[in-house]
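Quick heads-up: structures coming right below.
Shared between the two complexes below is chain A, which has chain B as its partner in the first and chain C in the second.
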Partner chain A sequence: MVLQSSLKNCLQLPCILRTSKAGFRSTTSGGLIIQSVSNDVYQNLAVEDWIHDHMNLENRQVLFLWRNSPAVVIGRHQNPWQEFNLRLMRQKNIKLARRRSGGGTVYHDLGNINLTFFTTRKKYERMENLKLIVKALKALCPQLDVRVTDRYDILLDGQYKISGTAAKLGRTAAYHHCTLLCNADKFVLSSVLKSPYKGLKSNATPSVPASVQNLFEGDPSLTSEVLLDAIAEEYAVQHQIDHRITLINPGDEAVLPGINNKTEELQSWEWVYGKTPKFSVSTCFNMVYKDSVIDVKVDMDVKHGKIEVCRIDLPEQWLPPALCSELVKSLTGSKFCPNETTTLATTLLRVFPQDDELHSRWNLLCENMIMLM
Partner chain B sequence: ARKFTDKHEWISVENGIGTVGISNFAQEALGDVVYCSLPEVGTKLSKHDEFGALESVKAASELYSPLSGEVTEVNAALADNPGLVNKSCYQDGWLIKMTVENPEIDELMNEDAYEKYIKSIED
Partner chain C sequence: VCIHRVRSCSSIRFIKSKYVCVFDKSALKFSHQHRLFRTSAVSCGQIVQFKLSDIGEGITEVTVKEWYIKEGDSVSQFDSICEVQSDKASVTITSRYDGIIRKLHYNLDEIAYVGKPLVDIEIDASKGVSPEEDVVETPPMSHEEHTHQEIKGHKTLATPAVRRLAMENNIKLSEVVGTGKDNRILKEDILNYLAKQTGAILPPSPKAEIIPPSPKSETVPETPKDKARKTVPVSRPIVFSGKDKTEPITGFHKAMVKTMSAALKIPHFGYCDEIDLTQLVQLREELKPLAESRGVKLSFMPFFIKAASLGLLQYPILNASLDESCQNVTYKALHNIGVAMDTEQGLIVPNVKNVQICSVFEIAAELNRLQSLGSAGQLGTNDLTGGTFTLSNIGTIGGTYTKPVILPPEVAIGALGKIQVLPRFNGKGEVFKAQIMNVSWSADHRIIDGATMARFSNLWKSYLENPASMLLELK
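Coming up: the complex of A and B.
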């Protein structure tokens, strides 16, 4: 992975090893600016967890800078099916992560920068942090029309969202993190962040959609590197510390003991999908088979990402009732997941007669069921 | 009688079952609650264990168990009406009920001590 070498006074790896002997947890007053060398969303979210759980923030505030390769990041209490197009995400090999903070769904790629401001719970102050960012932007580009809204978004030209905010309050520590669109792929962003799933009912926290814009489009000098540097500089000035960025490797257990466990947890199906608030799917679809149109009605309750209750209404005798009831029985208790459903459907079919007509009808039904997931 | 923790949760015990919620100080600091993430009935908790989270317009805020015990009931009304935590934090906005070992409750603050505690941290 190529490190950003354009940043001034950037401490490279040997310095991190020296720092680690003194211990990241040791108290030094003022502030600390760190940047991740990884573009893996799970590793970077794990760093946030690690700092939140292990660092003493009484006398020191921390700014963490990170970027991710393409990923959709949902808020802690959100429903992915309600928020975006999972099918498209999988097709494009985009990762899905669930953060521990609240808020809505965002798309990350290397053209988006993430900033996390760590403080004690008492010193938690989102507006101040966002004003710091705006100040840094205006220092680079004085005529830029950027301002913070009372929803803690940053708007460009009064109408385009360039930054969204979320936060987490722990026992003693707090963090506020936000995105900043520099040069992200807006086309992918808008096509992925559109949910095609119908008939969902849930009390999960919804996102508030917004029109977005990249800073780069207004001023080509505003690249991710330039912006990261400017924000780090402003943070250094405001905290009266050295404008020095410490690079960290989120895979390094020596520097961040226990970090790999945190990464694993964030990547786990139980966290990403299993944490979805209980929801129901109630939908109909048509299947075209030879010369007829078959209406199908599906009702499912999904809890902890697994199908708790399942009902499929099909025209009588279109498929053998025994096969249908086996399908419903197998789906009940299984993950609301295309791969799991495919495996289950394939396994069931082996038990039934080798009849081409039956197989075609079965595959058609199962493909449509999978489309719901 | 209601007892309080230094993390602004309260617990009120009756017949060995404790009802848990957050204090008025906490709900004000949190802002409007939009989602309550609570544990399953049967979950075993140790004192200080994270048992859920409240998401408000301000942030996602973790909930820590005031005592050790087992979850016996979860407030279902909060699923459709999370704002109850703000409107009625000591009554309808309760979060969970759990079994309680009596000796542990003596370690918590009574209402007067809690009021004094809030005043001391506000300064």
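Coming up: the complex of A and C.
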């Protein structure tokens, strides 16, 4: 949960957001700093959506601060199978979210802070935002060697990436968000963000891997809370506004009408997996059965997260051809998902001849197919 | 293309279609050079090239990542057209015009250039929108909210849903009085307009702030139609613009279709009974904290499952399997009792293995494991195969007696209704409060007869009505 510092207070947020919606011209503030009380990645992404869609940013820019419990966040046009280890992610109960902005895959946990800069489309300017962050960091720790690259990353000591950037531009509004590694679990990060899946071919946006470092490692005084405050302060100074952070609850439908629908959409399978650009899987694997090794070749085309075309090449008669074609037929049109394939395969088994040998071969093949997902 | 044109133009005479055809071909040929203006009376629109606008930061090229529309679709101003990506920025391109998409200039994953045409849109000429006109910047509003429509220079506000409703009923929005904020036209306004046309009375609107246009505001004398309306109430169904949706059956559901069709071939017979769980309810209350202290949530199912296994020891035919040709019966040694689970996907049946050698506590622990895997969508093949007998606790959702379907290759299944508190008579003829649950068994009548099922059910019932009797079976 977010620590309450003395500078934060819960303003009458409904008042602020409603007046923004009506196009109220604020005489005093040219900016607003808000922080989420939730660590749920879907809720926080929904807040970004909500602000993008509903707030009038003509005379007011917004800085949104948020942190998430462990989650992998992929870019709008990315392929999760290409980017990281979904199996490990599921085992560790890490969530998967697809954001609406472009860019690459990141791992979030409470040791990573997220900053979103909302402006009108015309005032969209990523360099300025990143320079603001660097300025805030240097104010905290003057000897820190941090600088912005032309890829919009922030590097520590010239080699470690501590921040990645992505952006979303709509018709009139735009936002630029970036991460900042304070004290994230580097071990989980590196083990999860390594894809074991072979034979994938796709036009999805690839991530560019980089060595990372936590700011905390160089200077233990740089905790997430300290960094959030410093950045908020620098933003307040640059926009000549009150250094007051308004807390926002992403579950509050009264303050953010329609937010729960947005959260639901971001959690839906259709968004997270279904928006994966078309890709194909072409791979082979070996199965060890009793004393022999069986070579299997699999080709699949996956569109909108569902298997459009499926081909399985097995040694002749290892499985009755009728059963093999039954598997292919059932997989076609079904989700490229281990759970779907498991339930599908085990349900089909009920209508096959009750032969133990047959069943164990079928299970072996299906389990290997599931490993591809 | 010719025919499509005729349909999309509201009042074109058939004789003009040939002219339209010819024009269309030339429009496509010259689309890169001219802007074409119609001077004839034909009411079909002009093709306008919608160029990719500036992204900012000096970006000149982007990659097209997703199209939201295809050629032939109609779009409204501010509808999303496509998603492009440039250097970690994802940009939603929205339409400047109302019209019909005639051409997409790029395929997926192609590079698009700022300032070059992205799509060709055919604009309805009667709307009078000049392609050079700048779009008026308004405060950003949600996609679900309002779009502007310029009709003869007068801005009429209405949501796309309302505009569609008007279009489907051949209503000109300029003729409807808007009662929403800023004279916005609401659905109720369209319905009221329709009602006036047909002389029907609509049910009162649920929203308190919508006031239907009062006839008194127009100084029109009461027409005979109005009088007729007052004396003859006619109920007309509200216009509903929903459409049927057809989807293919895929994946898991396809497999279920196969399984259930196979199940239908089994001659089912049913046997139902009522179980007095008063003693069991009390026992469970006592044992719940004990189980929790050992990290296990104890429901009623572990008792039902164990009692079933004890019954199967006496009536093993219920734990059997009939082969395809109905020549042989295989008596299964293991009691792998399946528990039907309702998940997001639908009905799945993981099973608890080897119940005949498990204690009630062990069954409860295993159920916990299966339930948490089930809700996380992580059940493995081993958990989902090898079942020999199934219990379905539909009572957690509701119901009393049901008619469960046997899951092949099994031969029996039991469905448990909800536990209700009902009055019953005891041995002394007194009324007492009893915790009653109904059970509905189905069995394969080819190898199981009614008497066997009844005896098994009675035995199972006796274990549950008098839980202490299960002690005698403890190993």
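Here, the second predicted complex is superposed on the first by the 344 of 373 C-alpha atoms of A that agree within 3 Å, B and C clash if a C-alpha of one lies under 4 Å from a C-alpha of the other, contacts with A are read in each partner's own complex, and residues count from 1 in each chain.
Here, contacts are C-beta pairs under 8 Å (C-beta built on N, C-alpha and C of every residue); 3 or more make two chains touch, one makes a residue touch a chain.
Worth saying up front: this structure is predicted, and the values here are computed from it rather than measured.
Asker: On the superposed three-chain arrangement, identify whether chain B or chain C touches more chain A residues.
Answerer: The partner that reaches more residues of chain A in the superposed model: C.
Asker: Examine A:259 and indicate which partner it touches, taking first as chain B and second as chain C; both and neither are also allowed.
Answerer: A:259 sits against neither chain B nor chain C.
Asker: In the superposed arrangement, does A:343 touch chain B (first), chain C (second), both or neither?
Answerer: second
Asker: Answer with first, second, both or neither: which of chain B and chain C does A:57 touch in the superposed model?
Answerer: second
Asker: Looking at the overlay, what does A:363 touch: chain B (first), chain C (second), both, or neither?
Answerer: A:363 contacts chain C only, not chain B.
Asker: Could you give the residue numbers on chain A that contact chain B in one complex and chain C in the other?
Answerer: In chain A, positions 75-77, 100-102, 124, 166-171, 174, 203, 205, 277 sit in both the chain B and chain C interfaces.
Asker: Within the complex, which stretch of chain A touches chain C?
Answerer: For this pair, the touching residues of chain A are 21, 23, 52-58, 75-77, 90, 93, 100-104, 121-122, 124-126, 152, 165-174, 203, 205, 258, 275, 277, 306, 330-335, 339-340, 342-351, 353-354, 359, 363, 366-367, 370.
Asker: Show me the residue ranges of chain C that touch chain A in the complex, using the header's touch definition.
Answerer: 55-57, 65-66, 78, 83, 85-92, 94, 108-109, 137-144, 248, 250-252, 254-256, 258-259, 262, 321, 323-324, 330, 345, 348, 376-382, 384-385, 407-409
Asker: With touch defined as at the start, can you tell me which chain B residues reach chain A in the complex?
Answerer: Interface residues on the chain B side: 7, 34-35, 37, 53, 55-56, 58-62, 64, 79-80.
Asker: Can you tell me which positions in chain A touch chain B when the two form their complex?
Answerer: 75-77, 100-102, 124, 166-171, 174, 176, 203-205, 277-278
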